Each structure stands twice: as C-alpha cells, then as structure tokens.
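What follows is a set of structures to go through.
Both of the next two complexes hold subunit A, though its partner changes from subunit B to subunit C.
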Partner chain A sequence: MSFLHINNVHKRFGETHVLKGIDISIEQGDFLVLVGPSGCGKSTLLNMIAGLDSISEGELLLDGRCINDVHPSRRDIAMVFQSYALYPSMTVAGNIGFGLEMRKVPRKERREAVDRVAKLLQIENLLDRKPGQLSGGQRQRVAMGRALVRDPQLFLFDEPLSNLDAKLRVDMRTEIKQLHQRLGTTIVYVTHDQIEAMTLASRIAVMRGGELQQLGTPQAVYDDPNNLFVAGFMGSPSMNLIEARIVERDGVPVAQAIAGDTTLTLPIVRDRQALRDWCDRDVIIGLRPEAITDPASANHREGNIHEAELPVELVEPTGADLYVVTSLGGAHINARMRPGTPLRPGERARFAFDVSRMVVFDPETEGRVRDERTADVGDVLETA
Partner chain B sequence: MSNASPDRDGGARERLQRWLPKLVLSPSCVLILFFVYGFIAWTSYISFSDSGMMPDYTWVGLHQWSRLWTSWTWGIALHNIWVFGLLYIVSCIVLGLVLAILLDQRIRAEGVLRTIYLYPMALSFIVTGTAWQWFLNPGLGLEKTMHDLGWQSFSFNWLIDSNMAIYTVVIAAVWQATGFVMAMFLAGLRGIDGEMIKAAQIDGAPAWKIYARIIIPQLRPVFMSAIVVLAHLAIKSFDLIVAMTGGGPGNATAVPATFMYSYAFSRNEMGIAAASAVFMLAVIAALIIPYLYSELREPRS
Partner chain C sequence: MSAALPTTRQGAATRAILYAILLVFAVIYLLPLYVMLTTSFKTLDEIHQGNMLALPVEWTFAPWREAWGSACIGLECNGVHGYFFNSIKIVIPAVLISGLLGAFNGYVLTKWKFRGHKIVFGLILFSCFIPFQIILLPMARMLGVLHLANSTWGLVLVHIIYGIGFTTLFFRNFYASFPDELVRAAQLDGAGFFVIFFRILLPASVPIIVVTIIWQFTNVWNDFLFGVSFASGDSAPITVALNNLVNSSTGVKAYNVNMAAAMVAAVPTLIVYILAGKYFLRGLMSGSVKG
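This part shows the complex of A and B:
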C-alpha cells in the first residue's frame, strides 16, 4: 500500500471541470513534484490534499487512511505557501510555534521544538523579530520552520521559491533538497518551473488542463516523454521536435526529414516494433539538444551515432556550451556542442545525431509511438 | 534673428509653465490663510480679550479662560463629551467590526447590505438628528406607536430624561457612523492575505482565534484611522445635538460645541466662547497632528 494515494480525484467548480480524474501514488520518503503550466490544476490538487479545497469525486488516502473529509488541521500535514503566509503580528518564534500552541503543547516543549527547528534552519538569531523585518529568503526559512516544527507525515509546498530572486532560488532549492535527504520526509511540491521539478523530485507528475500527462522519475519523464506536451515542457532548451516521415529501407523503418535541399535519413533504434506500422506516414521526431552534437563530442561508444552535414544558421555560446541552430523538417533546431567548436553562421558543419535517444510522436494524437513497454523501461508511467 | 525668437518664446513658455501652478493656487492659498488661519488667530486673540456681545480688543490675559474653567455648564459639557465620545467611538468600532466580519463571510447579498449600512453616512447630521428626535419623541414616535398597537405599559422616554438624553444622542450618532466604520474594516479585511488564513487553518486555529490572533491585530491601522475620524467627529458634534435635543433637557446634552455656540450668540460672552473654541481646536489638533504625521511618514520607512 502506498503512502499517499490519490485515487481518481475530480474537482469541479460549478460547470468547470478543473481536475479530470487524477491517479497518483507515492511511497513514504518520496519527493513528488506536480509541474505544469498555470491553470493545469496542480495548485488545486495540492489544496485538496491539504484539505483547503473539497474533493468533488474520488478518494484521497494518506497512510492507508481516507482523508477526504478530515479537517486540514487533523490530516497531519504541513504546508509552505507561495506568499509564505507568515502572521505579521507575531514574532518568528510565535509564527513557528503557533501550530503547536493551537495543539495545546506546553510552553516549555514548544520553546524547545522552536529552538530545534530554528537551529536546523539557521534562524536562531531571528526568533524575536517580526516577519516585516525579514528578507525574502529569511521569510522562506521561517515558513519552512513553521511546517517542520510539527513533524507531520506529509509536507506540502506551493511554489515556495517563486517569490525569490534567481540566485536565492537556486540556493534555497539546494537547501530544500538537503533537508529532504536529511529528514527523509514525504513531500508534495507544486511548481511551474521544470528545472525545479527535475532537480528536486524523486517523482514528477506533469499536468496539463486538469489531466495527468505523465508520472515518473525525472529521468524517465525527460528521456521517455509520454507525449508532445511533456517533451516540449520538460527540459531547457526544450526538445527539438522535427516533422519527418517514416519509410522502409532494407526492411527496417527509418525517419526522413527535409534539411534544406536534401533529405536527412535517421535510422531508428528505439521503438522499432511499433514504428513498423508507421511506414509512409508523417510523424514528429523528438531529439534533445544534447543528442545532436559535433562529431568529436558525440558518445560513439554507447550512443548510436549518425552523422550528417547541415548548414549552420546561428551560433549561441552560453559559456558552458555552444548552441548551434540549424533547420530541419522546416523548423529551427538546437544542437548542443562543445564550447569553442569553430563554426560560423552560413557554413556547413557535421552534426552527430544520437539516434538511440530519438523518440517519435503521432502528429495527430500528439502521443508517443512506442513499443509495448518491457520490464527494463520500468518506472516510467502509470497513466497516459 | 529668426532662430533667436523661438528660443525666447520657449523661454517665456517655460517661465509661464513654471509659474502657472503657483498663479492658479495662490488665490485659494490667500483665502485659506485669511479665512482659516487668520480667524483662528483672531479667535485666539479674542479668548484673551474682554469681548462680550461685540469684539472688544482690551487684553485681559487669562481672565476668560479662568471663567471658562470655573463655569458649571462647561463642566457638564466636558463630562458629556467624554461620555458621548467614549460610547460613540467604542460602539461604532465594535459594531462596525462585527458587521464587517459578518459581511466578509462571502454572503450572497453583500453588495446590497453594504449599501444599506453605508446609507446613513449620506445623511447630514441635521437630518439624522431630526429623524431620531421624531422617532424617540414619546408623544410621536416609538412609544406612541407601541401604545397605539396596544402595548400601553411601554415606555421609552430617554429623550426627555435628563439622565438618559445623552445616550439617545449616542444611539443616533452610532447609527449614522457605524456603516462607515464597517466599510473601513471591510476594506481592511479584504486586504488580508487569504493564504495566511489557510495557514492558520492547517495550524489548527479555530475561526475565532484566527480573528483574535491573526486578523484583528493586522487591522491596527484601520483602528487608528477609525478612532481619529470618530474622535474628531465626536468633538465637532454640534448639528446632531442641536437638531435632536438642542442641548437639553436643561443642559443635559450640552457639549463643548453647543456651549460655544450659546455663549457666543445668545449669552453675549464672546470671550468665553472663543476660549472654549480654542480649547476644542487644541484637542482636535492633539489627535490629528500625530496621526497625520505618522500617516504621511509611513510610506518612506
């Protein structure tokens, strides 16, 4: 039995159907990130887990107990809000201890618990201040302290980093991850930032329009996306999506894409069984920027490298990498190359395609074309 | 020559633009200086003069002030303003806050109710006073209606009872200002972050504790504003009392404003009246100036 089980949960606000049957289960100690564009229902789902929104249909189980109709304060959960929601009239110590005070914990124990959490979060020197006197990062810590002090079964985070500046956000992200590793808590975390999702999660749930698009480990969601939306949403720069056609060559399917006045032919390694049925049909192929590189940086040992010469349209150095833009299948595509690769716009260069990482999508349903999943793909998905 | 003239034109226009606001504002500045501050100074001087029915500029020092403070009627007026002011401010704030909290529960007819509660504020004090005078007049309003309906033993004669008359004024004044205070509190309540209330719910606080510990402490600025607005309305209260009780029965509902009026215009004691007026100004200034100071300074800190 899983620790948190979201079983076919629906949410309706009058006529609008906000959540359309969500199924997610996670184990104790998991870090589940709900990610998706705004309006996808992720915050609503989190509020429903917290008990701040009612459940229209379906069932919510925490540690085997149905909590559909349990008051938020009795669900054994704690929540960190986007605005931090600190009580401005109380000191930091008062804020952290408020939940314990409401639960009639004696003053002395309360003080000890507050001190312990303050030490953990390194905010001991702030305990007597009011929230108004704190910086954004300090408020964030206090908000986390307020959640930690009660030692609940489940932590909920509602976009906790979105009000911080970029640098602080990265630092706090690391800290949240460290805290999770150290305390082994179970966390459900909402964000619209796919990098946050990738770095923090042990399980990612990608949502769109009130539906779960994919649930899996970060790597599975990244490498083996369920559909075009997940492929485009996760990863930055995002996955190259190229219009192509499957044709049969020497008895095996290959993908052909128009590259200027020539045709690029890419052999198919993954999902070959399923793609046999797609011969002479249009598809969209997906390749991550790092799967298209210069021949020298390509991983010839493990990858299945296919080289081709294409025109260089634009060169974007980022310091760590060099992104080279070319066009394929009528769209601009990004290739990630070694910095210092001597390329100039207008030249032709050799690009190395790691076709073992290529994924293929049905342009009509936007879903993946893939083989029946075998055991080694494993931990990939529960729903489609 | 030809390219010098636009320069000169531009210079003239610029100078005009610089001076125009000052030119437009200066008449009103002069008028305010003369009619407001000038007459404040004049009244202050009169309070140190031997004025009776007509202004008399003979300097008599603190004579009028000592007559004011030994006056028995002034003592009643001060006592009444304390009773009236305290009850008025406290009742308005308590009722206004309760109404605001009730209206803030996302009820359906909120817009209509808010308007209904706010309407009394649109009436002038004279209208309020007259209406309440009719309503509370034993031979005319509530008591007579009850008698007509058959409840012969019903009696509500506070308006003509010299011990109770001041409370009828409180009732009328509270009726008028509560809606306004409610609107202030409602605006304050709407400004409170909803996530904070959710956080308190998860923390396990019952509704009344959420109000007592988290929401009401955050309304402190609203309390400040409400107290200052109500306090100066209380001290200025004149028309309501004139319309409702005329300061009577006897001197039972006399307040400093009615005291000042009667000494200046019917008792021919302009000096004492001026002293009482200056005193009221000082009290209001003592309330308003620190408030304005803190309000105007806040945005910078």
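This part shows the complex of A and C:
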C-alpha cells in the first residue's frame, strides 16, 4: 500500500469537468511534483488533497486512511500557499505557532517548537516582526515554518516560488530540496515551471486538461515521454520534434527526414519492434538538443552516433553551451554543441545524432510509438 | 507629490489663485461655525447690539452653563445634559452592534459564499436606498409590538437595522479584496468560523472599522427624524432636545444659549472626525488603490 494514493479522482464544477480520473500513488518520503500549463487542474488536485475543495468522485488515501470526508485541519497535512498567506496582524512567531495554538498545545511547548523551526530556517531574528516588514524570501521561509512546525504527514506546496525574483527562486529551490533531504518528509508540490519540477521531484506528474499525461521519475519523463505534449513541455530548450517517415532499409526500419535538398536517414535503435509496423508511414521523431551535437563532443562508445552534414542557420552562444540552429523536416531544430565550436551561419557543418535517444510519435494520436514496456531506459516507469 | 509641482512663475501664479479660491470657500464653510462659537460666548445685550461677526467684548460661559444645566425644554428646566447622555446611550450600542453585524455579513458574503449570496447582498444593499420616511409607520408599529416605543433601546434597534445596509456594504467590499488564501491557511491550521473572523480578519480591518464608526456615529448622532418620531420626553436624543429648546418660548430668544446647546450637540461628531478623519479617506479608498 502506497503512502498517498489518489484513486480515480474526478472534479466537476457544474458542467465543467476539471479533473478526469487522476491516479497517482507515491511512497513515504517521495517528492511529487504536479506540473502542467495553467488550467491543467494541478492546483485543484492539490486543494482536494488539502481538503479545501471537495472530491466529486474517486478516493483519496493517506497512509491507508480514506480522507475524502476528513476536515482539512484533521488530515495531518500542512500547506504552503502561493501568496504565503501570512496572517498580517500577527508576528512571525504568532504565525508559526498559530496552528499549534489552535490544537491547544501549551504555551511553553509552542514556544519551543517555534524556536526549533525558526532555527532550522534561520529566521530566529525575525520572530517579533510582522509579515509586512519582511522581504519576499523571508515571507517564504515563514510560510514554510508554519507548515513545518506542525510536523505533518504530508506537505503541500502551491507554486511557492512564483512570487520571487529569478535569483532568489533558485536559492529557495535549493533550500527546499535540502530541507526535503534532511527531514525526509513527503511533499506534493505544484508548479508550472518544468525546471523546478525536474530539479526537485523524485516523481513528476505531468498534467494537461485535467488528465494525467505521465507519472515517473524526472529522468524517465525527460528521456521517455509518453506523448508529444510531455516531450514538448519538459526540457528547456525543448525537444526537437521533426516530421519524418519510416521506411524499410535492409530489413530494418529507418527514419527519413527532409534536410533541404537531400534526405537525412537515421537508423532506429529504440522501439524497433513497434516501428516495424510503421513502415511507409509519417511520424514525428523527437530528439533532445543534447542528442544532436558536434562530432567531437558526441559519445561514440556506444556506436549509436549517426553523422550528417547540414546547413548552419543560426548560432546562439549561452556561455556554457553553443546552440546551433539548423533545419530538418521543415522545422528549425536546436543542436547543443561545445562552446567555441567554430561555426558560422551559412556554412555547412557535421552534426552528430545520438539515435539511441530518439523517440517516435504518432502524428495522429500524438502518442508514443514504443515497444511493449521493458526495462528499456533502466528506470521503472509508471503507467499513466 | 510636491516634487512634481510646476516651479515656473506662471505655475506659482496659478497656485496663488487656486489657494485664494480655496480660502474663500473655506471661509464660507467656517463662517457659521465662527458665528455659533462667538455668539455662544456673548451676553444677550451684546448680541442685541447686532454685530454678528464681532468677537465677544466680554467673554462669558454663562450661556454654556445654562444650555447644559438649566435651560428650559418644554416644561422642564434642566438643560440638554440629560438628552446628551441619551444620545450617548443610543449611539454607542447602535454603532457597535450595527458595525459588528455588518462585519459578520461582509465576512460571510465574501469568505463563506453560499448559494444566492449575491441576491442576499443585493437585498441588503437595497436597504441603503430606502428613504427614512417610508418606514416610519411600520417601524412605529413594530416598536409598539416589541414594547420599545418611547425608549432609547427602541431607537438603538432602529439605527441598527438601518445601519446594517451600509456597514455590510463597507465590510463586504473591504473583505472582497482580502485574500482567500488566508482563510484557507487558517482552516488548515485548525481555526474555525469565529476564530478566523476575530483573530485574522478583524485585526486586519482597522481602516474599514474606522470608516464604519465615523459613518454610523455621524448618522446616528445627527438623526432627528427617528428621534422625534420614536422617542419623546425624557428618552429623546439631543437633536430633538435642541429643537425643543429653540422652540420653547420664554419671551426673549436666548441666542447665546441656543448656540451653546447647538455646539454641545455638534462637538462629539467633530471630535470623531478630528481623531479618525485621516483614516476615513484611506479606508474608503482601500481596495481601489494599491499601496
């Protein structure tokens, strides 16, 4: 039995069907990130776990106990809100201790618990201030302190970093991750930022339009996306999606894409069984920017590198990497190369494709074309 | 603001004209108050000499003492002090109770929305537009049934009922911009309906509480129509007593006593304005302007 079990949960607001049967299970100590574009239902799902929204259909189990009809305050859940929701008229100490006060914890114990959490979050010197006198990052810490002090079974975070500036956001992200590692708490975290999802999660649930698109480890979601949406949503810069055609060559399927006036042929390594049935049909192939690189940087050991000469359209140095834009299958594609690779727009250059990382999608259903699930990427994948 | 003012000569001239006009209007508004005050400190002889705008030649507090303690209202000659305390007895519970009920209404209408909450708010708001005169007869009947006719408590009830419309409007609009997440956070922390209201919302409502107090205090204190209709004799409020004082004829019109009594009637609202006035605009503006 898993620790938090979301079993076929639906949410309807009148006629609108906001959540269409969500199934997610996580274990104790997991860091689950619900990620998706706005309106995908991730915040609604979080509010339902908190008990702030009712469940139209389905079941919510926490540590084996059905909490569908349990009052929010008795679910043993604490939540950090997007706006921090600090009580404006109370001091920081009052804010952190309020939940304990409501639970009739004696004043002395309360004080100790508040001090302990304040020390953990390094906000001891702020305890007598009002929220209005705090900076964004400090408010964020107080909001986390208010959740931590109750030592609940489950923590919920609703886009907690979205109100911070870019630099502080990265710092707080690190702190949240450290906190999770140190305390081993179970966390459900909502964000629309896929980088936050990748860096924090032990499990990612990608959602769209009230449906779960994929649930898995960050690496599995990144390397082995279930469909075009997940492939495009996760990763920055996003996965190159190239129109191609599967043809048979020497008895094995290969993918062909139009590259200017020639045709690029890429051998197929993954999902070969399934793709046998796709010969002479159009597909969309997906390749991460880092799977297309300069021949010198490519990992030749595994023998899955396929080189081709393509025109360079644009060069974008970021310092750490050099992104090179070329055109394939009628679309611009991004290749990630070593900085300092001597390339100029208009030249032709050799690109190395790591075809072992290539994934293939059905353009009609937008789903993956893949072999029956095996331990293909080395990760155990959850069925969505 | 001052940094953005024009510093050219033309700008200075414009400002001078502006201030002159403002000054004229301020004088026009303050002149009656000035006449009231000076007259209340003059002897009757001095008043009869006719120079209304002159300062008193001989300052006297006798008119104030008489107005407070011995002026005749109808047949009784005890001054207005009894009626002043009647008004206090009416205004304090009326303001507190109508304010509290309005705050509760605003809280429920914004944070515990129920089916039809918009209609309920619309109906409460509608009560703001009902003229006083319309409800005089039904209210008189109701007070009779409740055995509250001719009592200060009857007037308290009338003012509470009449005030709820406005106080609800004030608090609803204030709480509409109060973040829902705070209420949700408090719920998760284990706070109930009343604890959330008294511990979280109410302490953060000082600006709108001040607005409500000023508004209700002024309305209830200055009310004449309800007072004259539903309370007579000993339970009348000061506005009614003032009217009766002025109309009680004892031969000579004691303008100085009348003015002193009028000042007594006006002082509490002035004090409330002076003490809390700066919050008034701030409170009314809250929610509409950020910062």
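By our rule, the second predicted complex is superposed on the first by the 373 of 384 C-alpha atoms of A that agree within 3 Å, B and C clash if a C-alpha of one lies under 4 Å from a C-alpha of the other, contacts with A are read in each partner's own complex, and residues count from 1 in each chain.
To be clear about the criterion, a residue touches a chain if its C-beta (ideal position, glycine included) is under 8 Å from a C-beta of that chain, and two chains touch if they have at least 3 such contacts.
Keep in mind it's a predicted model, so treat the numbers as computed, not measured.
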Combined model on subunit A: subunit C and subunit B, fit or clash: clash
Touching partner for A:Leu52 - first (subunit B), second (subunit C), both, neither: both
Footprint overlap on subunit A, where subunit B in one structure and subunit C in the other make contact: 50-52, 72-73, 77-79, 81-83, 85, 87-90, 98-99, 102-103, 146
Subunit A residues touching subunit B - in the complex, by the definition given at the top: 47, 50-52, 71-74, 77-79, 81-83, 85-90, 98-99, 102-103, 146
In the complex, subunit B residues that touch subunit A: 193, 195-196, 198-205, 209, 213-214, 217-218, 220
Subunit A-facing residues of subunit C, complex: 179, 181-182, 184-191, 195, 199-200, 203-204
Touching residues (chain side subunit A, partner subunit C) in the complex: 50-52, 72-73, 77-79, 81-83, 85, 87-90, 98-99, 102-103, 146
